[in-house]
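Below, chain A partners chain B and then partners chain C, in two separate complexes.
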Partner chain A sequence: MTFSLMKALPGDPVYTMAGERADPETIEKIRKDIGGDKSVLAQYMGYVAMLAKGDLGRSYYTNRRVLDDILVKAPNTIRLASMAMLIALPCGVMLGLIMALSRKTRTDRILSAVSVFGLSIPVFWSGLVLMFVLSLKLKVLPPSGTGGLKYLVLPALTLALPAMASMSRITRVSVVEILDMPFIRTARAKGIAELRITTAHILRNALIPVVTVAGLDFGSYLSGAVLTETIFGWDGIGRFAMEGIVKRDYPVILGCILITTVSFIMMNFFVDLLYRHIDPRLRTGGNVD
Partner chain B sequence: MIRPPAVLRFGLLLGFFFICLGCSTGSRQDGYLYYRLNADPSTLDPAYVVDVTGGSISAKLYNGLVKLDKRLNVVPDIAERWDRHDGGRILTFFLRKGVRFSNGREVTADDFRYSFKRILAAETRSPNTWVLDRILGAREFMKGEASDVAGIEVRDKYTLRITLTRSFGPFMNLLTMTAAYVIPKEEVDRYGKDFSVHPAGTGPFILNDWRHNTELLLRANDHYFADKAKVRGISYRIIPEDLTAVTEFELGNLDVLAIPVNEFSRFSKSGKWGPFISSARGLNTYYLGFNCSRAPFNNAELRRAVAQAIDIDKIMDTFYEKRGTIARGPVPELLRQWGPPAKSGYNPTASRQTTKGLGAGGKVINLYVNSDQEVLDLAEIIQSYLRASGLDVRIRQLEWSAYKAAINNGEADMFWLSWWADYPDPENFLFPLFHSSNHGPAGNRSRYTNKVVDALIEAGQNASTTEERNLNYMNAEKIITDEAPWVFFWHKTDYTVSSPRLKNYRIFPVYNIDKGTEVSF
Partner chain C sequence: MSIKITAGIIAAIFVLSISARLLSPYDPDAIDLDSLREPPSLKHLFGTDNKGRDIMTRVLSGGKISIGISIFAVIISLGIGLLTGLISGYFGGRTDTVLMALVDLVLAFPSLILAIGISVLLPPGIYTVVIAISAVGWASFARVIRGHVLSISRSQFIEAARAVGCGDLRILTIHLLPQCVPLALVMAGMKLGGYILTEAALGFLGLGVQPPTATWGSMISSGRAFLNSAPWMVLSPGLLIALTALCFNLLGDALKEKFDSGPGI
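Let's look at the complex of A and B:
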């Protein structure tokens, strides 16, 4: 489906590959070279045959193997996504918990307003503001580049902000719901310490929807945070795919879609596994501890 | 306390592992120049380089027989001198001795023959065959009808003779281009298609490291045969976003910055950076092209009326912030060695009358533009001027690849485009753009056809003296400006700002002049 959609798009990679001064012979030569003279079906079959051999082809422009490039870029994207999640998840849950436990107070209202703001700001704006403050003014972090932890903080923070906001809201809602449940009263009556009630009883039960959202967010980061990666010059899958799309570099586009689909499915699988651990009711067979 | 489930612990561990993976410092290295690129170069193989970025880096890695100097003259490079026979049809190049590739082997005439044949060979599928296809026997070789190129002859180890099918004025200019650089056969054999990421040449710099989409690092070649680089190396940092690049520059992480459009007035008015701005009048022409092959713009009178309807001087002074010079014809002033064509001038009344007289009033006209915001703004300005002349312009904005296909196929009535010199010769602004053999992707996207212009351009190409050449080009340019297949807008000036620590930095009108050997700290 992606294959035929892509071919139906207007635009032709051959013209960009051929430069500004290409005679019709050169154009035909290049088109033939990339198989553009064959029917869409024949091109598709060719691609599938290549895939079966574990090859994703070579980029039309760089002539480099798409798989090699993906193997460089995918770990970068995973690092960025993981870092963003490591910031967003604990902070979001913590904020949500504070909001829920102090519901209907001024703290709750202020934090709610902040989280709505966090949800609504676009990443290109928050990214540039963070860069302005942390790089240009405070000079604590490099504004762009792909590398170690210091390069990772800015893009991860930018990516984490909206996720943090949405997680705090979801945590708040589900914690508030649980707070009124009979088993919490029971726990209090048993004389269990408040901290343990909050962590073991409330939080654990409130986590299911949070994990769902976190999983979805993580999956979407893996398929590429195009804007964030572009602003901070991060060499990830999103930027790679975007450049491929702009130049109609079909092997690159297909390779990226394939890899992100696989990672999305794997992420969902991982989230399903996590559900079973968080909520024993979801387990089939085995003991409930 | 809750014990995190095993699967979660595993996930966290994995995430942490990936975060710490690939840590590298990436901070400034002493003695290195830091430049910015907005995209990773596609290739550094001379056979496939078609863009300015790839060309300017290639200029630092490779050399050709000849090169351009600062005044745009063709001067010796690896060839220390050359002889011309038969009105420039036969050229004999005498190579310097002791020029070495980065792998240590000496360059001989055989290497040039190999490099040129590689460009022309059908299996290379190079888009740059046009640079060399005027050599005798090149076309036959390209088609596979001959096993060798008759016009490339190795006379001895250091002598190369090139014979053209007929004398061609700009040929020496073509030899300064990326496609005419010399490369070592053994390295191409070793890397095959991956030669593009393992380039080996004779240039003042050698590729040291290339982290795609992040940084391209060149180090100075200590064995370079001419003036060696005064810096230890050059780092090209790939930063797609303009504002990020500005931040990097202001923090001192970049030494040179091509000033982004939106930052132009801030930098030029800044007391801090003002003195460090350098500019070069570019060898380019920005134009509004007409599709001359069909109605309504197959009529020169209507094309002239459109030209009269737009106040280009005003757009230049306001919208474009005087970042260029007004174009009087297709040929940039730097290259025009004759008087400029007469100026048509802004005359909305005459324009309106002509449109009305031709019955074109109210006609819907498609103006195709790419997805650049500046271009879209300009298109709206043009639209409003033409509305005043009674033309109903509909703007069609397309993403670059689709845009290019559309104008190459002649779908647009009008389109906005620019042309940048491949080499500094007026011929480069006439033959590809207005000769009737180049309709469509070869350059003549306005599909302009005039047999007289064709003949004048050809006469200029084959002229044996500069005077004869100039006379032919002047006459061709006069007819072209009169028939107005384009509305000639401007020649854009390039502006860069450089770090105060930098010495001898300047920008050049052609991308491959700068070998990077003069600049120092």
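Let's look at the complex of A and C:
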């Protein structure tokens, strides 16, 4: 079911958006000969035909092929997203585990409040605050630009903060659920060391939903990086899209939305597969063929 | 307890922002070239920005727009979501398949990207932001409401209503709708914090309500260039976004706990 749905999704909405997007294009670029004189439908058909050939068109401003630019910038975005995930996943799981194990105590309440706070801070603001403190005042890290690890830390940290918060919340819920299960009591009764119970019994089971969410989050980083990349001048797809928006460069905007949406959906699909792989209980139902 | 506190803080921010023009001696949009980028002082509690405007006045009057847009957007998402969810869950069959395919389609997009896409399409302004946020937001409401309707439409009281001869419309509005309202309100509370952030993000990207009207997002965006010399331009709007979103999130959590009906997404 989910598979066929995922399969069916990418094409349709994207093309529809392309069609819709063609409308303001007619108004704004009507005098230019980028096909603005044709009807919306003709433009839409043209775009679809171009897509079918694997072409995303050319930027109105630089006249470079959008696809080429995206292919240059995509690795940067992926690097940023991976780094953010590398920070967020272990920290988030740790925090969630601490919260769950100390549930209903003061530690839990304080950490829970912190995690809600982490969810409530806008990334573009926390990014600026981090930039202000770490690079403008303490001068530890460069404020913006694309480059090595030094440049990567700030945007990755910014991107990781809300993710860490949401992951810790999910871990907490999932661990608390498992703590009440009979097999944990059995393990305790068998006299297994508390540390081993925590890592082998609790964490392993709790990680299943966490990994799912982490995967989905990774997909949303690829798109959510619009704000972070813009602030830190990170030369990825998000900033590319943003520049396109500012300049009303429709082929660029369209191309970026298309690429991020497709990768987002692919990520969802991948998580779906991964989910079955991690949890053997899910495999029996699906493997009829 | 925490419901009262968080709701109180939100109400306080909102009331202050509505009455900003009465409380403050400054006009939020008046340019004063004699007091450019002044640090916080007794005269200007939050300092002034690069055009000499009083930041406190601007932050407060921006709150009116940001909170207003989010609440407006939540009401619209809730309305569409309730309607879709009720119809989809109650009638089932092909109606359900089509409507839920639509919901899945919206949910398949990264939400911020979809909101940005819609904002680019339409002329910038308050209504565009509301439309952009609710066009993305309704889907998760519809999904959750549908699930709830599915689970209660097999209850005996619905069967009884049908046996007495109630029409579909009557069952939907009088029997099913009230059952969904608490769940929908809890969800609205949980979503509001996110909507505040989305609104701010759109404003930050220059896709929200256009200058000179102050919104939290656009104030941060204009303060970015002066981060080193005038950090207070960025500080107070960001703090207010965080505070408001935090209160809405806590409110949502508290409501969820109270009704103990945690919606999945």
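Definition applied: the second predicted complex is superposed on the first by the 248 of 289 C-alpha atoms of A that agree within 3 Å, B and C clash if a C-alpha of one lies under 4 Å from a C-alpha of the other, contacts with A are read in each partner's own complex, and residues count from 1 in each chain.
To be clear about the criterion, contacts are C-beta pairs under 8 Å (C-beta built on N, C-alpha and C of every residue); 3 or more make two chains touch, one makes a residue touch a chain.
None of these values were measured; they are calculated from a predicted model.
Number of chain A residues touched is higher for B, counting chain B against chain C.
Looking at the shared chain after the overlay, A:V226 reaches chain C, while chain B stays out of its contact range. Touch criterion not met for A:A189: it reaches neither chain B nor chain C. Once chain A of one complex is fitted onto chain A of the other, the partner contacts of A:I253 are limited to chain C, with no touch recorded for chain B. Judged by the touch definition given at the top, the superposed model places A:F240 against chain B, while chain C stays out of reach. In the superposition on chain A, A:W125 makes contact with chain C only, not with chain B. Of the two partner chains placed by superposition, only chain B is touched by A:R204; chain C is not. Touch criterion met: A:V116 reaches chain C, while chain B stays clear of it.
When the two structures are aligned on the shared chain, A:I265 is found in touch with chain C, with no touch to chain B. In the superposition on chain A, the residues of chain A touched by chain B in one structure and by chain C in the other are 9, 12-13, 17, 20-21, 23-24, 128, 131-132, 136, 230-231, 246, 248. Contact residues of chain A toward chain C in the complex are 5-6, 9, 12-13, 17, 20-21, 23-24, 116-117, 119-126, 128-129, 131-132, 136, 219-220, 222-224, 226-227, 230-231, 241-242, 245-246, 248, 253, 257, 260-261, 264-265, 268. Within the complex formed with chain A, the residues of chain B that make contact are 1-2, 5-8, 11-12, 14-16, 18-27, 39-40, 42-43, 45, 48, 50-51, 122, 125, 127-130, 193-194, 196-197, 211-215, 237-241, 243-244, 247-248, 250-251, 253, 398-406, 408, 419-420, 422, 432, 438, 440-443. Partner chain B is touched in their complex by these residues of chain A: 9-13, 15-24, 26-27, 29-30, 33, 58, 61-64, 69, 72-73, 75-76, 78-79, 82-83, 85-86, 128, 131-132, 135-136, 139, 142-149, 151-152, 196, 199-200, 203-204, 230-233, 235, 239-240, 243, 246-248, 270, 273-274, 277-278.
On the chain C side of its complex with chain A, the touching residues are 101, 104-105, 108-113, 116-117, 120-121, 193, 197, 200-201, 204-207, 217, 220-221, 224, 227-228, 231, 234-235, 237-238, 241-243, 245-246, 248-250, 253.
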